[in-house]
């Protein structure tokens, strides 16, 4: 059951930046019952394809604990390969973060973002992106504080939110039971000032009208605005 | 170099439905120098998750010959795994086709679409989707002609086209040299009557404005309209 | 630095049985900074080798988040295989639990234990076993309460603790900085009433004397006794 | 059904050297309905085992599109490994070409031959070898024309043909329906002047007499002679 | 160094049929310093593709211990895949044995031949085939003696031998130091009465003349004749 | 059936150090019908993690021929991965040997131990460790004799033996039929002078008493003492 909230209201959001004591940046983020642990790990080495440059890199990996979900799923490490959905999501997270980082200014180092879903109730990829930015921001702040970086390579604040049509009406931040019956499912990855980083909209069953897509965009604008507030508070308190 | 054409004009399109003599449906489709062989294979069996139902399934696999590209890439079969990009694309093709097929009406059988890129010059996924619909349409027509199917399970005509901002201007159906310098790259998968199946827009480097996205949508509308014509001609001539 | 405690004293222990809302049994267990999420998932099906019997099975899988450790390790799912250490540990957890379960009494079902290390500071396998018993106990209690099971298949309470010789002196429940300099590292897996389930002792560098091993056994007896208390409290409060 | 031709006659042969615009050498070769795309890719690097020498290398990979055949086969990239038959064939192609190349004269570079079967009706390995020589010859001609090579490293012209006993009679260049009922299947890989590069003869069901093998050899001589003509014409027209 | 023997003489041959006490048939065969352990395992089940038939199957696997060779090679199980050479050889062994077995007469069961090279000095595949026939013969004799089989499914006696041109002269049964400098390497797999099962001849470096191939055939005839004697003695003494 | 011997008596032991002519050290060791071929291969290179040090390394791999056992098991190379049991055992062998080697004194080289089980009747891991020490000792003796090593890096003599409770009584060196019904199974890896290297004791079914464990220790002391004698004789005769 959807807990009672407005169609344009996010589920309860929380961000804990102290859950992991070793990572350079950390955010345990919850969108309702969805809970994703995001860590940022700084390594003073470049990926092979950047050798002989002064650029850095930001990459991401995504995983889900076998019992994050209502019924147990398989363990990808035991199966010996990451599924197609995992690969899609981790590539998306990486691209989204790199769109707001000046890789030249980051210098010859790598930041690896790990997003591990501890509990899944819909929206794991949007929670992962929103939390990853917090972990990245904290890790970069530490590099600035330590003097490793002289100028800030982060040039934007990115958050992500899902929305969809359920029972013919647009709805923000779908939980699993809503998502599984949505007619269209869209993820908006945007900056806090309205810049578009990535838009993915999928008609789940049948083609939809363009004005339905536009209605989702309107919801997403509000969701991104609210998430950006949570992110700033979490970073300020870290 | 971009061969001379208007910003809202497709590259030269051709569709050959006779290249493969064994498949139930076939389309060797070219978008400029991009050439993708799409085949539809009908099998009278269901995937395991549909057992004990009367539904059918449509799935897709995507591959690229090692020397489809300007410089030779590795062979996925030799590396022992499909790359993330491959997995993303083949899932997209499958979803796009299923959005216009009534799986109940298809009955307890499977149609496997294979999209193999023989030559790649940008837009392989949009060519693959556009050609796959043709191969699927021909395969279904054969099932109808043979009386295996009583009613047509295809409920829409789907095509796909890419567009992007290059040098600050919107451009339809990007070739590789354009795509690699685009500021935003979007793929629109739509039905011939304007229904939205999937939209994917990615800011390659920096966040963009929403009105830039809307300018791409306008180009896509024209591209989809033109591709749908080519599809109908190819099916009619098959 | 070792936080100040006696040589025969456990690190601070905590067990949270409510962290995961979906699993039939759950224990987020901490041994100092080591934190392992243990879930028990009940499935009404048998493994293939028990078909045509009335027996059940208990199995375990183990994993570690990439940034559980001081520096980031690789992700096993991305590498495509579980490492030797992972395989060793998950087999150990499974054996240890099965030694206190009457598989006939469990009936034709499976319980999968997932132990995922969220933070690692030494002793992850002993924390995993100790927490797994709690998750298993809660899951079984639920089956008893629901009437699925008529009699209790659990015939013993199992806990595990490490100990070692550090700087020539025996020490209980080693943290990572101690473990990495220990001359002998032993894990004792025992029941709360002193029964031996598994003993593993390894001289890290040079062979040691048997009386050193016996000194560790004495520490372990105390550790197991104390852990058993924590387990009972956690189950009672669940 | 075998299309009508003499027992010592090849199926219709065609070779198109312009199908792929990027490869340094290309031959889309048809033996009847069997159609194999062969490309030669030149890379200015040596394989690891030739480091610190002045020698080059020629290697080959072989693949088959899933629907090249009458019924769809699996995709090796999706299964995650190349089958035994694929491995055997690609090793054979590489060995056959290296037997007519002076690797010292080729200098410190690699030529990768990719043979991808677009349609399969028997004889894919012999078509692949015959076409690969054409692609290799064209690629080497280009290196000579560009002055990269001063002297021609190709020291022979190689072609391949299958033959077998069908219904007790020897037959040249078997199509699939013939091959599957042949009592002996032999592949002859020879130079245009009668040199032996590789002979593989397999009694499919029961041991055969040596004079049967010799009868096949006689057919092969004619087939190789005719194929060599087609090769020379294709290279001349490229 | 080649130990002194005539050009048409086999290396010292020995066959020990008692090395493994569990297999239904066993032959530890030596061709000089090459030593291969061949076992035949009978299982009362059919491979999947023979279900619903009354036919049996004979299959083979081949492996080499890492230190069978002069310098240590990798372990295929550790690398996670069988190499191309291994796959080629084990397919060859299986085909060669099936050519002398009436699979209908074998009935609905499988015989798995395992050929493991304990020491390798050239000719491992020919030793493996020659020894495998002995192991198979012994296993079948046991099935006949036990009354499981009523009639003998073995319809021929197969052996294999290598030969090659070394320093311009034909030589039988090459050891490693000879094989590595041979101009042509051929393997003949034949029945004791001259039937041809498989012939593989490879010019190692440059094309050779057909009469060179014929000279090897003559040597092989003698080698096969002599090996067949050793096989019969070993079976008789088993 | 257990062949008649005392409860504290080893099965018949034999060690053949000449079975493999290429390895720097070799021991084909038998514990009753269990037969393991252990080879030591010296390579003048370090593993990657020791680069820029002067230390050497000793590592081990373990395998079992498919028909080493009463019924045929699968081939790990064919399955594409080493099983959990294999990984556990080969890590144990490596650790056990390194505990008696001064890796600094070994210098910048690697010794790879391969333990391949040719026949298995229980105790393969203890036979493997006991035989590996012999192979290692012979290989090191050769390095000393050749002057490659100036001082002996081996600082202890290690052997291993299993013991268990069968029908309520302690028993040394279990064969398979005993091991499979043992209530506790323990492996003791010790030096000839009583030093403890690794102890692994597992209650197979139910927790046992500590004094049962101590009874096994007493048996192991005798077994290790006897095995050490066999080792010394084998090395002396090599």
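Think of it as A, B, C, D, E and F in the order they're written, each chain with its own count starting at 1.
Please note the rule applied: contacts are C-beta pairs under 8 Å (C-beta built on N, C-alpha and C of every residue); 3 or more make two chains touch, one makes a residue touch a chain.
No experiment lies behind these values; they were computed from the predicted model shown.
Steps from chain B to chain E, minimised over paths through touching chains, total 2. Among the remaining chains, those touching chain A as well as chain F are C.
Residue numbering at the chain A/chain B interface overlaps substantially, since over half of the positions present are found in both copies. Computed from the mean C-alpha positions, the centre of chain A lies at a distance of 59 Å from the centre of chain E. Averaging Cα coordinates per chain places chain D and chain E 28 Å apart. Chain C has its Cα centroid 50 Å from the Cα centroid of chain B. Multi-chain contact residues, meaning those touching two or more other chains, occur in chain C at positions 80-81.
The cyclic arrangement of chains, read from chain C in the direction of chain F, is C, F, E, D, B, A. Across the complex, chain A meets chain C through its residues 19-23, 33, 37, 39, 41, 43, 61, 63, 65-72, 75-78, 80-82, 86, 112, 114, 116, 118-119. Listing the residues of chain C that touch chain F in their complex gives 81, 84, 87-88, 90-91, 95, 99-100, 155-156, 158, 184, 190-191, 194-203, 205-210, 212-213, 217.
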